[in-house]
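Heads up, there are several structures right after this.
What follows is a pair of complexes built around chain A, which joins chain B in one and chain C in the other.
The block that comes next holds the complex of A and B.
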């Protein structure tokens, strides 16, 4: 059983990490808690499904187009709506959740509510230490590692990345230094939406597509980033591992309470936050507001 | 003179309007408004609506419902309960249907939590409510507890939780026999039931009833009905050494379950209730996985439960291109209602209730007779339900056995149950 817990713990941690990276990135740079993040994930999943099945496009082309469309949608959402109210934190929260609900209703009306499976990028299973794991799970885990590496390299090694980090540290100083702050924020939003779309291509086919599929991942990534520390990519990764392993432990050690796995994971988050309110690697909230 | 002309025209228009209103009233007086309540953006709601539409069209074309000298046409009102997205929406939708749209009768719903809420609203208004989707026994228990309030409630489909539990055990027993005969081993069962009120009795009964029958229960896994990935649960079941899985799933979790079960080649035969596997498009929705899964169902494409079954299935498929699910039991509901009204010779709700209680109707799904608690009766000679299995991408009827070994019940079109080949391979090598 230990090998099952380790293998699936890693797999689930990878899933949550993939969902959390983009969310954490946009908060870290623009201080925007984008509650519509997983709605972009849902939108991408539906686009891939319908481009592949209804339009008959190749699955890889469907994924590519979906990432482009969702990135544009995310960028436009930021440019036309979020950017105008981003100074007001509470309003941003309400507006982004409203955006998510609008996307949900639009998908429900446009594509219907039939529960369907998204097309997998890779089928079959592989045995690891005697535990059968879906290849799509392994692909997700691999892509998470690659994306984390790519995001780190982008932020650390490129001029745009340095400008984004400067914006994240101090918008006013970055502005005085000639950095196009709104431009950097919009680029970050585009990257964040693209990451959500990639999650839609990798994670969504592991589950079932429903217009309400954004809600549970949103709760989990909120928990992951709060646990790890808002805005910290490293914190998000560690938060994802803690919550992923917590859920898997519940499934294997208390199977009849499997439906409680999310509650247990969230309870662990609450306990950590009670002890360390800023999260494991976050910045203290009071300082943030100042 | 001009003023007189104008007044005359106004008077004429007023008269025409009055006549129109009067005609409208007359038409409404000969209409029976039936609210079809279900999640209309989802397949379940669509099947509620289509089943009712087929019945209403047939009844209206044949002259409607006869009450004395009058003929009543059925007018359907679509009521979107949205219960799969938001359970509380169902109660407000029912309230609006009764108080604003003035429906006389409600039929439909699927989720137990929503059906229970709609039941309360309908009883508040003394409106007949015929459930076509929830098995929750708590609803019929209310009829026993407070008859005067809850007498307007009836269940058309499915059978109640207690009967579903019995049916589940019959299907489990059939597969256990097959495992014993083909694999030469004792059955070891994992219970995989979504956490919901309707599964509680089934889970408890499985743990109490099956071990004395020689079926070891290795564990109970209860994910959320909306869980999107249950691969961890399935590998845990494999690690527990189960060779059978008894399912009790009504929510979307049924799709990722079936897909991962076959894709991971879990060496345990899957049998029980998986509502998602009852639909024609299940195989498409799972991406082509779920073969050899066995589930309870009310209908199967080639199985004639009564002389009305196959014509109804053909008509439904002609309209929708899909095999009807049990939610299309709204078809039977309208015919049961029609007969009760005609026997009562009245459209008074209390008179109709008395005649609904006297129902003995040979429906699409079997003989409908209500018990004292207004539940549809389950058993040989009544509604029996079917065990169906996905074989080569098609849903086949596999239970009751074709040899009539279950209380002499045998239907045309039943085929043999097949153990999944990977299960056989795993346990025989």
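The block that comes next holds the complex of A and C.
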């Protein structure tokens, strides 16, 4: 029991962290609430499955292709659709939901609604402290850690990363300093979609795929980013671990936990923001001051 | 006789002066009249069912607009009001056998109470935080409802809730006029001083507070009023369809925002029109007359919403209104776009 809680907790928290960081990045930089974010994750998982089984491609190649395709889809949908209506906040919400529904229905139409499970990237298990852990779980957690470090290094150490952070802090001043703001937003959107696609690739082998699988993670990452504080990557990371573990704890320990897991996670989020309205590590944005 | 003729002439003046001067109001009146006599022309059970549900959702979407469109407090979990009222009405009816005329008001009061409960903590939150916090409430309740099936009847919902009336046509004549009345009340509220304060809160809360408005009280009022109307819609829904987990689902919360934004927010009539365009389109036109397979309707629906909002980001009805009407710069009254001077104060229109 305890080892299951730790393994599943780490794996799912990691997946939530990847998704939440991508969501948080594009929100921080472009102030876009992209409700289609987890639809990219669903799309990637399905693409991998179908490239692998129907098209008969190698697993690694199909993962690679799926990530590329989803990144391009994400960037294009930003460029062609979201960027045009982003001044209207509520319209952005609706358009991104519409996008998510379009992806969902397209997957349902193209790949069918039967429950499928993605191919394992690696098989077997490793003993850690006498507990057998599936290699797939280890791989998931390893990739999550690596990607989180890579994202952090990219944002902190590279020129582009600094430019992205500057854009997130103050668009107008960043623009005046000669930063190509729309370009930075495109790059951020691409990174965000790629992170979602990788999360999808990691989840595809772990459970069943359904076209509606984007809904639950969407709720969770919304709770995670609010808990951690909007626009704060550290907050998203910590929030993902708090909510991921609380969800797994409820599933394993509480009676009828499968129903209550979301309720408990959301209640934790609500309690935290009642006490600290800007989340754990929230940043007060320029235009929201006052 | 004299009294009657005075009333008649006043009535006539009201119609010519307030309604027939604007094509939009004339169209709205004609559409209402048409829908009122519709069951007499074609008492088709299926179409009436769609129109009844559309009326219920129209009340619901307008109530979202009253809260989120006017005060700018984006509510992502509007289904909480709908679901609480539906479950209250359904459980009271099933367990205690109360009639619909009693259960619907009690359900609506329960929704007002919920508005107060979620309103108080939400007062500290702003913008996106508020939106995501409100998203949580219906989902928390949904989890609890599914976890205690012996009280709430779990996944399937309450087994049997009494219908509103014996026949479909009678139900239609209960629900559709109540939609018009409630919509009119909401529109009047939005048009009154309260509505003005709501506008002010959305535009600039700090300035509103600096002008001596107790914004906290008005925001709570918005939550309660919105809860009241959404609760009535929820109670009607419980007695017409059923009270089950679908009344609390995330998709319903999103759907109401889709309708409202599609029609145009902060107008009340926009969301109502949005529902009456989108819901029958999805349920009748696409599946019945165009023969689109059921699995494609959702896709087409999403595409229509996407395309319309891409070209009319303010919403369809707002766009139409701005194309056909001008607002007088002096007296702020609506005028037909073809006029060169205001119909009341004769100020020049640009």
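One rule holds in what follows: the second predicted complex is superposed on the first by the 265 of 290 C-alpha atoms of A that agree within 3 Å, B and C clash if a C-alpha of one lies under 4 Å from a C-alpha of the other, contacts with A are read in each partner's own complex, and residues count from 1 in each chain.
The rule is simple: a residue touches a chain if its C-beta (ideal position, glycine included) is under 8 Å from a C-beta of that chain, and two chains touch if they have at least 3 such contacts.
Keep in mind that what you see is a predicted model, and the values were worked out from it rather than measured.
Participant: Quick one: classify A:267 as touching chain B (first), chain C (second), both or neither.
Facilitator: second
Participant: Between chain B (first) and chain C (second), which, if any, makes contact with A:256: first, second, both or neither?
Facilitator: both
Participant: Per the contact definition in the header, classify A:54: touching chain B only (first), chain C only (second), both, or neither.
Facilitator: Once the two structures are laid over each other on A, A:54 reaches no partner at all.
Participant: For A:94, is the partner it touches chain B (first), chain C (second), both, or none of the two (neither)?
Facilitator: Once the two structures are laid over each other on A, A:94 reaches chain C alone.
Participant: Should A:222 be classified as contacting the first partner (chain B), the second (chain C), both, or neither?
Facilitator: second
Participant: Using the superposition on chain A described above, determine whether A:248 touches chain B (first), chain C (second), both, or neither.
Facilitator: first
Participant: Go through the superposed model and pick first if A:120 touches only chain B, second if only chain C, both, or neither.
Facilitator: After superposing on A, A:120 lies in contact with chain B but is clear of chain C.
Participant: According to the stated criteria, A:108 is in contact with first (chain B), second (chain C), both, or neither; which is it?
Facilitator: Both chain B and chain C are touched by A:108.
Participant: On chain A, what residues does chain B touch that chain C touches as well?
Facilitator: The answer is residues 108-109, 255-256, 259, 262 of chain A.
Participant: Would you tell me which residues of chain B are touching chain A in their complex?
Facilitator: Residues in contact with chain A: 39, 41-43, 84-85, 194-195, 219-224, 226-229, 231-233, 235-236, 238-239, 252-253, 255-256, 259-260, 263-265, 276, 281, 284-287.
Participant: Could you pull out which chain A residues touch chain C in their complex?
Facilitator: 27, 33, 81, 84-85, 87-91, 93-95, 97-99, 101-102, 104-106, 108-109, 215, 219, 222-223, 225-226, 230, 255-256, 259-264, 266-267, 269-270, 273-274, 277-279, 288, 290
Participant: Any idea which chain C residues touch chain A in the complex?
Facilitator: It comes out as residues 68, 74, 121, 124-129, 131-133, 135-136, 139-144, 146-147, 206, 250, 254, 257-258, 261-262, 265, 295-296, 298-299, 301-303, 305-306, 309-310, 313-315.
Participant: Residues of chain A touching chain B in their complex?
Facilitator: Residue list for chain A touching chain B: 1, 4, 8, 11-12, 15, 108-109, 112-117, 119-120, 123-125, 131-134, 137, 205-208, 210-213, 216, 247-248, 251-252, 255-259, 262.
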